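Common to both upcoming complexes is chain A, partnered first by chain B, then by chain C.
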Partner chain A sequence: MSAVLETSALAKRYGRRWALSDCTLKIPPGHVVGLVGPNGAGKTTLLHLAVGLLAPTSGAITVLGDRPAKGATQLGRVGFVAQETPLYAGLSVADHLHFGAWLNPGWDERLAQRRIEQIALDPRQRVRELSGGQRAQLALTLAVAKRPELLILDEPLASLDPLARREFLQNLMESVAEHQLSVVLSSHLVSDLERVCEYLIVLVSSHVQVAGEIEGLLASHHRLTGPRRDLGTLPASQEIIEATHTDRQSTLIVRTDQPILDPSWTVEQIGLEDLVLAYMGRAASIRGSRPAFLRVQP
Partner chain B sequence: MIRLTAREFRTQAIVALGALVIAAIVLAITGASLTHLYNATVANCKMNGDCSTATSLFLSTDSGVQGTLDFLMIVIPGLIGIFWGAPLLARELETGTYRLAWTQSVTRARWLAVKIGIVGVSSLLATGLLSLMVTWWFGPLDRVNMSIFGSFDQRDIVPIGYAAFAFALGVTCGAVLRRTLPAMATTLVGFVAVRLVIFAGVRPNLMAPLHRTVINTVIAHPTFTPDQGTLPANAWVLSDQTINAAGNVIGQNGSINGGTILSPGATGLTIQGVGTCPGIAPPTPGTGGVGPALQKCVDNLHIRDVLTYQPSGRYWPFQVYELAIFLTLALILVGLCFWWVRRRII
Partner chain C sequence: MIEFHLDTRSGVAPYLQVVHQVRQALRLGLLREGDQLPTVKDVVARLAINPNTVLKAYRELEHDGLAAARPGIGTFVTKTLSDASLAAHAGLRRELLRWFANARRAGLDDESIEALFRDCLRSASGEEVA
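What follows is the complex of A and B.
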């Protein structure tokens, strides 16, 4: 099976500003993929390119093996929930379900009805009267009931309170389990992604910092603590992601597939949040041409 | 997609239909009595010998309705552009719902085609129906008024062209500006500007105007007027120039350049800047005014008026040409709008 999303040297420019540049990535099918990065990293631009709302300035992008928004069929294969879940404020919940049914040949009315009941939405209610959580749920229903192969969600959790977040993710996971969807979900909150994602992509200023299955990422990243030392003496198999030093002590986050044999290190497991922050920090410091290993804690 | 657009357009369509039905009822009632009045007074005024009173009385019948209808016919195409055209895409782009609409299993081009098709055709139908009713209602009045070019913009088929153009302009402004209010304002300004340019700059020259030289009548000192009997009937007079015996232009619209100043002299009446009429006695104050003497002098000096005009027979060709111009502009705008939505909003 081909990649759900594949880009090579993808770039998008607005006037003189590059929203995305030289972005190359490949997302394997059958995963719930978290796309994480700081604001302005190009997440929304990348996702809009993937659903065909935008066209690339240069480079190539394929989604499910085809050009995004190539035709009605290709549009039907990808479900999209845009940032801030845009819906027609003056139309009712039922109107939106009609909207979905009229515009999507693959529309699953039973699924839509069941989901609306499940999240306890009154079909007659107008969208402007709904809470943020209800709006997000309705938008998710529209995207899922068209029975796509790939579901793309752009910051669906940003405006939700913690309870609504949990319900939304629960609902999402049920749909994923039921229909074997591939999902790409962007967020800048790692804790949310950790609960649902199996695959993680860290995107900082257009560039993929790290991508892989979360389990594998957690197994290959370690926090090493030990007496202060010169970083040049580390084995070549250990890639330093982050290094901080005090007068007497060095703390490193390294990536390696080999066991760590040096007995002077205390080796610890690392959480997903720390891992993501380490990569973001590294990208930021490279961008600011400030080598990570010179950063000294007071 | 068709059902979706129909649902979104439902409220506006109901409002428009309601307004048309009300207009139809009002016009049917007042129009019937207007026709009756025409048959009773104007149609047989010749037998009674006094037509001028009958026609002037008849022309002021229902003057409130007349004024309202003429006003509506002028503004409704613009309103369609502002309230149906401009928000059609601007609202989707402004509120972000285009991100929902354009990621369903319908291509952007089809989405746009259906929207423009349904709302656009409704605009043309509504304007066409209204124009049909208004033209019928004004039938007897227009027959009496003898000024078909005076109500050219408010009758028959040209309002359909205006509505098509205004709608297409609104939709395109909405797509380009992406905000509803600026799109509405731009549509208004653009529509008025194009209408004025076509009205003043293009329409008079759709066909080469005709010329006719007519005798002047002095109605009251110091203005002349082309003799009523020699005027082309129901024509659109573009200019009215006064010439002297040598054929040089000496004034227009019934007055001689620098004012028609008469100076009584020993040799006779002089019209300043034109010539002297020897032997015609200057009018004596208090003896019935200047009229007959001046008329005689005007005739002696061969002061004539040259009318530049479009004859009444060109009314329908002009209606067709103007409709074609505005429909073409509308089509160009729709094409531009498609290109913009498919190639520029990406």
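What follows is the complex of A and C.
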């Protein structure tokens, strides 16, 4: 099976500003992929390139082995929910389902009806009367009922309260379990993604900082604490992602596939949030727009 | 039937948490041979987690000989853990209590004992991996 999303040196420029640069990715099918990064990092640009709403300035992108939005077939294979879940405020839930059925050859009416029942939406209700959570659920239902192979969701959780978030993710994961969908969803919060994603892309200031299966990422990143030392003395196999020092202690986050043998380090596993923050901090300090990522030493 | 829960702050991989909870339920006798585990869809709908996480946990349990999948029906417990493991615990428990007493006699307080215990546990499991 071809990659769900494959890019090579993909870049997008708006005027003089690069929204995405040198983006090379290859995401295998059957994953729920989290795209994280601060606001303005280029997440929406990457997703819009993937659905064909934008054309690249340079580089190449294929989605499910084909050019984004190449034709009716390709459009039917990809479901997309844009940020702020755009729906027609004056139309009812039922109207939206009719719309979905007209516009999508692969529309699964039974699935759509079942989902609407499950999330307890009244078909006669107009969208402007729905809560944010209900709107998000309706948009998800429309996207899932067209039976895509890949579902792309841009910040689907940003405007939802914690309960609505949980319900949305439950609905999404049920769809994944039922239809073996691949999903790419973006968020600026790692905690949203921890439960549901198995593959992670960290995007900061238009560059991909790290991408890979979360389990592998967590296994290859470690926090080392020990007496203060010169970083030049570390083995070449250990890539330093984050380093902080006090007058006597050094604390590092390193990436390595080798075991850490130096007995002077206390080695700890790190969580996903710390991993993402370390890469964000590194990107910010390289760019020089912010001081090096600092963390208060206990 | 048991219900799973997830602690995202624990740092333990979600699939391992599911495995641990099944093992724990087996040890406590909440699950016995022949019992059905929750279906993947049920777990996913309840916890809002990735279905592959559940599948991975169930595969691990199958690999350990604790569960078996019956295609189209679900995953079932194939072994009862409680008796054997409790008997094995008793000896280990005695040894550990003796070790704690020794540690106290050596002048360690609870916090130092815990730090030492955790450090040893970590290096022991590290050796296993390496």
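Here, the second predicted complex is superposed on the first by the 288 of 298 C-alpha atoms of A that agree within 3 Å, B and C clash if a C-alpha of one lies under 4 Å from a C-alpha of the other, contacts with A are read in each partner's own complex, and residues count from 1 in each chain.
Keep in mind that, in the parts below, a residue touches a chain if its C-beta (ideal position, glycine included) is under 8 Å from a C-beta of that chain, and two chains touch if they have at least 3 such contacts.
The shown structure was predicted, so the numbers you read here are calculated from the model rather than taken from an experiment.
Superpose on chain A as described above, then tell me if chain B and chain C fit or clash.
On the superposed model, which is not a single observed complex, chain B and chain C fit side by side.
On the A-aligned overlay, A:Leu75 touches which partner chain: chain B = first, chain C = second, or both, or neither?
It touches chain B, and chain C stays clear.
Just to be sure I read the superposition right, which of the two partners does A:Ser237 touch: chain B = first, chain C = second, or both, or neither?
A:Ser237 sits against neither chain B nor chain C.
Quick check on the superposed pair: does A:Glu215 touch chain B, chain C, both, or neither? Answer first, second, both or neither.
second
Does chain B (first) or chain C (second) touch A:Glu194, or do both, or does neither?
second
With both structures superposed on the shared chain, find the angle between the C-alpha centres of chain B and chain C as seen from the C-alpha centre of chain A, to the nearest 10 degrees.
Computed angle, apex chain A: 150 degrees.
Is A:Glu174 in contact with chain B, with chain C, with both, or with neither (first, second, both, neither)?
second
Determine, under the contact definition given at the top, whether A:Ser2 touches first (chain B), second (chain C), both, or neither.
A:Ser2 contacts neither chain B nor chain C.
Per the contact definition in the header, classify A:Ser58: touching chain B only (first), chain C only (second), both, or neither.
In the superposition, A:Ser58 contacts neither chain B nor chain C.
For the superposed model, what is the least distance in angstrom between any CA atom of chain B and any CA atom of chain C?
Distance of closest C-alpha approach: 25 Å.
Can you list the residues of chain A that touch chain B in one structure and chain C in the other?
Touching chain B in the first complex and chain C in the second, no residue of chain A appears in both lists.
Using the touch rule from the top, collect the residues of chain A that touch chain B in their complex.
That would be residues 48, 51-55, 69, 71-73, 75-76, 78-80, 82, 84, 86-89, 91, 95, 98-100, 102-106, 139, 142, 146 of chain A.
In the complex, go through chain B and note every residue touching chain A.
Where chain B meets chain A, its residues are 1, 3-4, 7-8, 95-108, 110, 346.
What part of chain C is in contact with chain A in the complex they form?
These residues of chain C touch chain A: 6, 8, 11, 13-14, 40-41, 44-53, 126, 130.
Mind listing the chain A positions that touch chain C in their complex?
30-32, 166, 169-170, 172-174, 176-178, 191, 194-198, 215, 218, 259, 267, 269, 271
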